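Chains: A, B, C, D, E and F, in written order; residue numbering restarts at 1 for each.
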Amino acid sequence: MSTQTEEMKSLENLSGKKGVSIMKNLKEVFPDLGDLATKLHKELYERDVLDLKQQEIITLSILIAQGNTESALKFHINAALHAGLTKEEIFEIILHAAPYTGFPRAINAVYSAHEIFVENGLVE
Amino acid sequence: MSTQTEEMKSLENLSGKKGVSIMKNLKEVFPDLGDLATKLHKELYERDVLDLKQQEIITLSILIAQGNTESALKFHINAALHAGLTKEEIFEIILHAAPYTGFPRAINAVYSAHEIFVENGLVE
Amino acid sequence: MSTQTEEMKSLENLSGKKGVSIMKNLKEVFPDLGDLATKLHKELYERDVLDLKQQEIITLSILIAQGNTESALKFHINAALHAGLTKEEIFEIILHAAPYTGFPRAINAVYSAHEIFVENGLVE
Amino acid sequence: MSTQTEEMKSLENLSGKKGVSIMKNLKEVFPDLGDLATKLHKELYERDVLDLKQQEIITLSILIAQGNTESALKFHINAALHAGLTKEEIFEIILHAAPYTGFPRAINAVYSAHEIFVENGLVE
Amino acid sequence: MSTQTEEMKSLENLSGKKGVSIMKNLKEVFPDLGDLATKLHKELYERDVLDLKQQEIITLSILIAQGNTESALKFHINAALHAGLTKEEIFEIILHAAPYTGFPRAINAVYSAHEIFVENGLVE
Amino acid sequence: MSTQTEEMKSLENLSGKKGVSIMKNLKEVFPDLGDLATKLHKELYERDVLDLKQQEIITLSILIAQGNTESALKFHINAALHAGLTKEEIFEIILHAAPYTGFPRAINAVYSAHEIFVENGLVE
């Protein structure tokens, strides 16, 4: 079983410094849930049947579909960029999702993604 | 604008004969919705920013998350196999999805996938 | 406050004999929930700001969007026919809904509606 | 197949200037999704089986049920007023929806509607 | 049938002054929905098969699962504290919910709860 | 970290023999997901902030709200009976849930619960 230190290192490798800071905040507010979340995150994302890009495509697709998960969506748009998905590919995920999730959910996701792209200097 | 014949050919290329027969059935029951669905299907899946495997990963992830879309889920598990995703990769999509969608939705998807794998002779 | 007899009469006026039989069944299985449901049904559907057709359009649209409410959906497709909506109008509600709810939910609804139309002799 | 100009004109007829400005913004952020959305919007709302009021009742009902679609909900409350639905009728849609969507979703919608009614000078 | 005064008194007993002020606001914006909501609230929470703590556990669990019901969630976190549930028990409800609702919904709820705990001086 | 044997014993204590047989079936179909599910189940239900009845109230409430989780719902109605909740209390959970989840979800749950009560000889 992994230690919390290993789990946070795994999180940084997978999701970048932004991911670590968000998870640290959760651990301060409610440690038990933060610990369970980081443990599961490490277990899942270090599996090797799918690559990291594919894993982030899954996660993004689910979050677009669920709605009302704006902060998780932004966390994973950052993580998707960190995994090597491009801005164009992330927008394309949203476009592909639209007829399945309905357009209102997809349009919400466009604006969340746009905000992260601006933060990362990918659009002016 | 594509013709209905082109759209059904595109559907067969992308989703196999099973996909065509499901869509034909929909077109008989309610033609206008069937036509809109095949038109959108062609438009979306023939885009080239993401490859077909990635597109089916998106679609499967959304359907697992939504629940109560068992026939669409089975359609796209077949289409995912047709696109070259393996049984192991499809199960892995469901495992990765579980902590985001909740386990009950994921467990439903396991049994839908298993059923399609049996139908395709992939498990005994 | 209305009596249960008045409420069942109201239900028959609004939803037909089919509606009454479904509600009677619920009342046998769990009377308190059945009573609350018929009371609310009467209160809502006897309001006069919207007409009965508009009320059934609202109810159908919500049920299509939610998914996993197949028996409620069939109850209200029957009630919508009883209120004077045509087969074509009910299918059109589903088509209009599709880009908002996503196509998988809409396609489910098409087959539920088709089943009720067959039961009512509206399609062969 | 319609041109983008025709589609934006259709949007203005159906949803008013507010609708056009929201869609223009989407087209700037992610043109392909904006184009698909306006094309579908024109196709759907120009169909003639249901009238525009009925179409907006469907759309509003779905958005109330889904939740987390506040900007789409406000867009369509504006569009519903533009189509001739009154403030009282829009509130009534929400009341009718409540026992189906659950009260929390309905109460969210009350406040979104109230905000649009204030913006349109319909309540002080 | 209870009067509106009795219903507001019941609401204060069950949910505290905060609950009353939120419901009064709803009644001003849309009286018919506010009246129906307070009537149902009284009917439900004054039943005696489950105690008030159990009732608030049900309500909180549903709101965590649904998402996009932040103001209802905060109302009921306050009501849960009023009913005698502790901060630790409320966080535990969220932790227990996470694998069923998915972690993104649960993490949203953690921050809503934390905000109410701060407002009530339960965490610094 | 617990072994799989300990986890299955924990599952039997918490959910009865029925729970074990359902989980064993899942482990045969997709072992990795079955293992993760039993591990999380043990971790969650053996925590001691809430008692087992409260934990099952949370789980049932979420499953009623989500819909399309009929087999998980039946698993947990059995587990709730095993934990000491009565038939009347389980029905009451559903009644309390109805105005939050909407009545269609609640009515579905009534019939699932009724089926389990019949299986357990609690109603004739």
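Throughout what follows, a contact is a pair of C-beta atoms (placed from the backbone, for glycine too) under 8 Å apart; a residue touches a chain by one contact, two chains touch by 3 or more.
It should be emphasised that the depicted structure is a prediction, and the values quoted were computed from it without experimental measurement.
Peer 1: Farthest chain from chain F, going by the mean of C-alpha atoms per chain?
Peer 2: D
Peer 1: Same residues or different residues: which describes how chain A and chain E meet, taking over half shared numbers as same?
Peer 2: At the contact between chain A and chain E, which are copies of one sequence, the residues are largely different (under half shared).
Peer 1: Could you tell me the distance, in whole angstrom, between the mean C-alpha positions of chain A and chain B?
Peer 2: 24
Peer 1: Express in whole angstrom the distance between the two chain centres, defined as the mean CA positions of chain A and chain C.
Peer 2: 40
Peer 1: In chain C, what residues contact two or more other chains?
Peer 2: In chain C, residues 36, 40, 62-63, 66-68, 95, 98-104 touch at least two other chains, as defined above.
Peer 1: Show me the residue ranges of chain D that touch chain F in the complex, using the header's touch definition.
Peer 2: Within the complex, chain D touches chain F at residues 98-104.
Peer 1: For the complex, which residues does chain F have touching chain B?
Peer 2: 26, 29-30, 32-33, 36-37, 40, 62-63, 66-69, 71-72
Peer 1: Looking at the complex, which residues from chain A come into contact with chain B?
Peer 2: Contact set of chain A toward chain B: 40, 44, 47, 49-50, 54-55, 57-59, 61-66, 88-89, 92-93, 95-97, 99-101.
Peer 1: Show me the residue ranges of chain A that touch chain D in the complex, using the header's touch definition.
Peer 2: The contact residues of chain A facing chain D are 67-68, 91, 94-95, 98, 102-108, 110-111, 114.
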